[in-house]
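I've put the structures underneath this note.
What follows is subunit A paired twice: with subunit B in the first complex and subunit C in the second.
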Partner chain A sequence: MDLREILQTGVGGLSIGAVYALVALGFSIVYRTIGLVNFGHGDVLMVGAFLMVTFFVNSHLAFPLALVIAVALTATMGFGFERVLRPLERKDLDLMLIGTIGFGIALEGAAVLIWGSEGQAMPTPINDTPINLAGVTVRSYDVLVLVLAAAVVVGLYLFLERAKAGTAMQAAAMDHEAATAMGIDVARCNGRAFAIGAGIAAVAGALVGPRLYVSAGMGAAVGVKGFAAAILGGFGNIPGAIVGGLALGLIEAYASGSRGSYSDVITFVVFTAVIMLRPSGLLGERTVSRP
Partner chain B sequence: MTLLRRLAGAGAVVVLLAVPYGVTYYGIHIANLVLIFIMLAVGLSLVLGYAGQVNLAQAAFFGMGAYASAVLTVKVGLGYWAAFPLSVIAAGLLGVLVGLPSLRVQSHYLGIVTLGLAVAFSAILVNASFTGQAVGLPGLPVPPLGPVDLSDEYNYYYLLLAAAGLLFALARLMVTTELGRRFQAMRDDALAAAHMGVEVPAYRMVAFVIAACYAGVAGALYAGLIRYVSPDTFSLAIMFLLLAMVIVGGRDNIYGAALGATVLLIVREQFVDLQKYQQVAYGLLIVGMVVAAPEGLAGLVGRVWIRVKRAIPGARVTPAEAERALGEAEVSGLGVDDGIAARAPLALVQDERQPDGVPALEVDGVSKRFKGLTALDDVTLSVAAGAIHGIVGPNGSGKTTLFNIATGVYGPTSGEVRAYGDRVSGRAAYRICDRGVARTFQALRLFRSLTVRENVMVALDRARPTSLWRYVLAPWTFRRRERALKARADELLERFRLSRVADFRATNLPYGQQRLVEIARAMATGPRVLLLDEPAAGLSSAEMNDLRELVTRIRDSGITVVLIEHNMGLVMTLCDRVTVFASGRVLAEGTPEHVTRDPEVIETYLGDADLLATGDGRP
Partner chain C sequence: MSEKRVYRWTATAVVLLVVSSLVAACGRESGGGGASSSEGKKTLRVALIGPQSGQLASLGDWDYKGVTLAANEINDKGGAGGLKIEITRMDDQGDPTTGGNLARKAVSQKFDVVFGSSSSTISLAMLPILTGAKIPQVTSGQADALTQQKSQYIFLDSPTSTTYDATLAEYVVGKLGKKKIAMITNNGAYGAGEHDAFLAQLKKRGVKPVADKVIPPDQKEMSGPLSQIRTAKPDALFIGAEEVQSGLIAKQARSLGIDATIVEGAPAGTPQYRETAGDEAAEGTIVSSPYLSNDLNEQTRAFAAAYKEAYGETAELHGAKAYDGLQLVAKAVASLDGKVSGEAIAQAMHDISYDGLLGHFDYNDVGVGLSQTHIGVIKNGEVEAVEDAG
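And now, the complex of A and B:
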């Protein structure tokens, strides 16, 4: 591999890494608010991708419009999940986790019912022409993915830091009892966290759709990578999710560049090694337990 | 009641043996799959439910067992039964590999690491040529078994029933004896378990290897049953199904795991009639189950069982049984106000090891820095054998940090702590426990899912992980060992006047009694030096008097006591010597009278809160 190839592979890695970062953000926002790992998250992404197939590919809506519809629908769905599982909040997160698996199974089944078991290919919304940047060939869709993902991250950041509902969510995440005492509706915050996580998943699904084949089983593959990215960056940590996602994308890109079909093996072995060396993740805080 | 239980057990065995006579060919196929999933779920329940290790690679272990059997028979040409033990060992080795990260990471971090390794394993299956890639390996041999034709699924049922029965019986033995107790102690509180002598890293690995071996057996038997292996049989979907079985069944309950496997698999097959709606219905059923029956199937069955028992005239439901099944703790007023019997010595074994003149505990120039913060700064102090030594000081002055270093929570930045001349600092907590240093915790750290007796038994049990071979080769020895251990635990509880609450979950007791259980548990490790971290915090004045008597009696039975305490009244009347800490340094040391007259001590510690007058340092 010469330098040019290294750079080209790197841009591809960053592009898929941006998608992983979005998935990781979805995991993290639910985790830091509720303390729950949402195992149905990958399947929400899959539904988001299929909605794009329906509205963008089949109904020929404009890409932005289709995206807004897909995000709105999945966010409503996420809100619904939280509503059903609400009785278990603060009581039994393990069971709640199984509940999210149940939703994931149901979503996969529903996707097969609605969109069929064959799956569908999805075209890129813009011409995927190679752009030449100082001798390095970059695919234009990769650039679009990076830009859109960055826009989502900035939007989420502004919401959490500036909007009242966002700061309320932060407060609920830090201490739900104190937040309740301050008049914050914690249950509603939890619902919002689920909805936002699901909405981001739909964006991720829309962006990754043209790169992968859209099928009912795609959620598991992307979901596991996104979860790993969240852990790699430091679970529940928003900047960590971004760093973890990009890092995982790069590892994967270089692994498949050199070893092709064994890229998953290399990716997860490297991931395991990093986590064993730095259990709290790249940006996670090391905490000292006080017995 | 044991009669009822036995009848139910005998009935179950008869039903299980009769299954092949009452089902269709399709039915027996489902029954066989149920038995395989019971083995998988029970193994997962051991590692996940009991040992608390989030293992999401159980399906990969299953795959390893099946693929090893397939490769060894088809590619290498071994006979099925020759390949069988090798397949189980292969799965066990994968268990070691996947379990290694558990030494560094826990909870959902461990979950994703094990899941990631499982995905990597699947990727190898799909890509390697010797595993037949995505197609898998067909044409596996039928296991030969004398005149019995095992290609007949009706016959195969009995082979699976025998295997599942054996593995279940072994699991039952493990969870009702020392291994299960240690698993649960380590899951409830790994740190406290290590302080009670549990070699946490070893037991985590053991948990993974046991689960992997269970899955290995299931996998090899699956290969013999289906005679075809392909990668998607061992996918994430199967892993999640297993997880649902264990959690829906009832996490730390092997009966629950077996029940969960049976119910979920049969329900899934029932939904086959719904055809394309099957998966949706199945997913929603799991959601409904966790919302509607959060205690799990085993909890549900236990609840019904207790209600039935209560309804039968003459049947007795003990409060401890009711507590277990229904969560009704009826412990109020049980022995709380009893003083502690001032007769028998409190140590179970009088210790003869103490060399003359050597201090029981020596702290030699110990410093501890956390990033920028210096918690301890060149602390030196010495505790004479047989003394009651008090450590006082404002919050944040480094008292608990010293205890943490002396018991192996973390090592010192520099310096050394010795117990009877033997270095303890920098060693693992369970090794320090073996060297005779025991402790209690400022905030109670009892094993919450264990009874009072079991809490004490964890600490009493001196068995090493190397003795675990007994479970396979000498399972009958456990009955006697358990009985002896229980007798010693009861003896100790008697001395602490805790006999009446022995069968209750420790964390359901009144606060004062929980403190007492913690001291009893620390004493059960057979210490030479006992470190008590604020033992009087939260106690009533009556309980405080009991505590004073208790600590004196502990010392009288030959054990050196070091206690951190804010209550100056207690320190003044109890301690022979007192060390005063301030900002990580020793400010003064001497008799209680001496230090409380020290002007520097009065200025920095006592003066500001007027602690001597109120006799209570807690705000």
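And now, the complex of A and C:
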């Protein structure tokens, strides 16, 4: 592999890595706030992708408008799901976890009923002409993916650090009893975390749809990679999710470029090795301990 | 998180996984009646095992439509040798383990004939079970591995990969004079079969591929291997993968600036390929297929009209293959004078010949009945036959 090939492969890896980073962010934002792994997260992404198919492909709405609608609907769904789980939160987190698995299965079933079992191809929203940068070809759509993913990350950062609701979520994540004592509505924070997680998943679904193929089963594949990315970076750690996602995308791209048929094997062997050396992920875990 | 809790989570997850895989293994079933007595035979019970859900669902759907159309026509004319054909549809979800379990189910429920599956990998998983039980298996798979099992009970309803790729290589290398050929194939049974068959055909013509990339069948993002193919500057790109993955490869290759002519077997001739790739990326793809259009002759036109009337869709290769497959079974059964058994049907399938939609079927010992494909090219979103393909 010469230098140009290395760079070329890296560019492709970064694009899919950005999507993994978004999925990992969704996992992390829910985990750090509630202490819960939302195993239905991949399927939320799938619903987001299918909503994009509905509004962007079938209803011919403009991509940005379709994206806003898909994100809003998916976020509302996430918020509603937290309301369903809320009675369990005070009782048993394990039950909530099972609830998320059930939620994922239900979403998959619903998607088959609504959109069919065959899935649908999604065209790229912009003219996907290659851009030549010193011999390295960059797909225009990859640039869009990276820009939108970066915008989501910046937006999330600003929300968590600057907005009152975001700070409240941070406080609830650190110590929910103290936060409650300070007058913060922890339940509402949890709802927001689910809604934000679902919204980010919808963005990831919308971005990955044209690259992959939108089908009821897509959540499992992308969800597992996003989950692995979150663990790789440090579960619950926001910058970690980004680093983990990009790292996983790059590992996968190089593995698939050099040893194609073994790409998944290599990717997860590397993942396991990193986790064995650094059990709390590359950037370390911010644990949430709840009674 | 306490250690005890971690154990509880893990235990629950494991139980859930086991339960869900058991449920999945049972598969989904629809249509047709339950087990019926084989004595005083009035029906010919056909199990149609194929993907009804997941990424390969289109293939399963086309197979179902083709087989059902043929069954209705045969039943309207009094059945196969007087036996009414009864189709039971089972969903293998595109999964070889589920396919194997459904094959066992078909054996225990004493089906006369099994159609399945639409994928070579799943068909291979089903083959030893059905052959062991002496049940004829008609498959839409085309991997040479299916014929290498040397079973007397497997019948391909299309030519093998070797036939597809011999025609393709002859046209691409011989006629178009392309020598810088890159290959990208998956390592499922179909993709691996295509890889070996096309490579052998290139070797025969003294051509060594400039790149030879193998990917897993479920990979969707191929920029890694495609980037390296691009560096090799090929003038033709051979794809050996199922419909959706082929479409994604074409789409991603074009977006990376690979302008080589895309050449492929049957998957590139399907609407699924064109929809996934997008019209622009699919344009100019060269296809090797035994069934390029519905407008070949009187028989294909009648089939296409009946298909359109029944389903409101334009017929394509897979529906035609499945239609031919059931017509062959019916013809074999009709030649038996009521002495129907798996062994007898299989023997009769080897003995008869049949002029179907795809051409002249005459099965050899290992289950190959057709040995010809034609060359087409995608123009304005439709496959057009290439007249001077030679």
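What we mean here is this: the second predicted complex is superposed on the first by the 282 of 291 C-alpha atoms of A that agree within 3 Å, B and C clash if a C-alpha of one lies under 4 Å from a C-alpha of the other, contacts with A are read in each partner's own complex, and residues count from 1 in each chain.
Heads up, the rule we're going with is that a contact is a pair of C-beta atoms (placed from the backbone, for glycine too) under 8 Å apart; a residue touches a chain by one contact, two chains touch by 3 or more.
Note that the structure is a prediction, hence the values are computed from the model and not measured.
Aligning the shared subunit A places subunit B and subunit C in steric conflict. By the touch criterion defined above, A:Val274 reaches neither subunit B nor subunit C.
Looking at the shared chain after the overlay, A:Val112 reaches both subunit B and subunit C. Look at A:Ser261: by the touch rule set out above, it reaches both subunit B and subunit C. Shared-chain residue A:Ile242: touches no atom of subunit B or subunit C. After overlaying the two complexes on the shared chain, residue contacts for A:Ile101 are found with subunit B and with subunit C alike.
When both complexes are overlaid on chain A, the residue A:Ala220 reaches subunit B alone and has no touch with subunit C. Of the two partner chains placed around the shared chain by superposition, neither subunit B nor subunit C is touched by A:Ala202. Within the superposed three-chain model, A:Thr9 lies in touch with subunit C and out of touch with subunit B [touch as defined at top].
In the superposed model, A:Thr137 lies in contact with subunit C only, and not with subunit B.
Only one segment of subunit B in 147-155, 237-245, 273-281 or 453-461 runs into subunit C in the superposed model, and that segment is 237-245.
On subunit A, the surface touched by subunit B in one complex and the surface touched by subunit C in the other have residues 94, 97-98, 101, 105, 112, 261, 263-264, 289 in common. Remark: subunit B residues 100-101, 104-105, 108-109, 111-113, 115-117, 119-120, 122-124, 126-127, 191-192, 235-237, 240, 243-244, 247-248, 251, 276-287, 289-291, 294, 370, 400, 404, 409-410, 441-443, 445 touch subunit A in the complex.
Touching subunit A in their complex are the following residues of subunit C: 1, 5, 8-9, 12-13, 16, 20, 52-55, 57-58, 61, 187, 213-216, 218-228, 230-231, 244, 247-248, 251-252, 254-257, 275-276, 278.
Residues 37, 39, 84-85, 87-88, 91-92, 94-99, 101-110, 112-113, 220, 224, 227-228, 231, 235, 261-265, 267-269, 271-272, 275-276, 279, 288-291 of subunit A are the ones touching subunit B in the complex.
Within the complex formed with subunit C, the subunit A residues making contact are 1-2, 4-5, 8-9, 11-13, 15-16, 35, 93-94, 97-98, 101, 105, 112, 117-121, 123-124, 128-130, 132, 137, 139-141, 211-213, 215-217, 221, 252-258, 260-261, 263-264, 287, 289.
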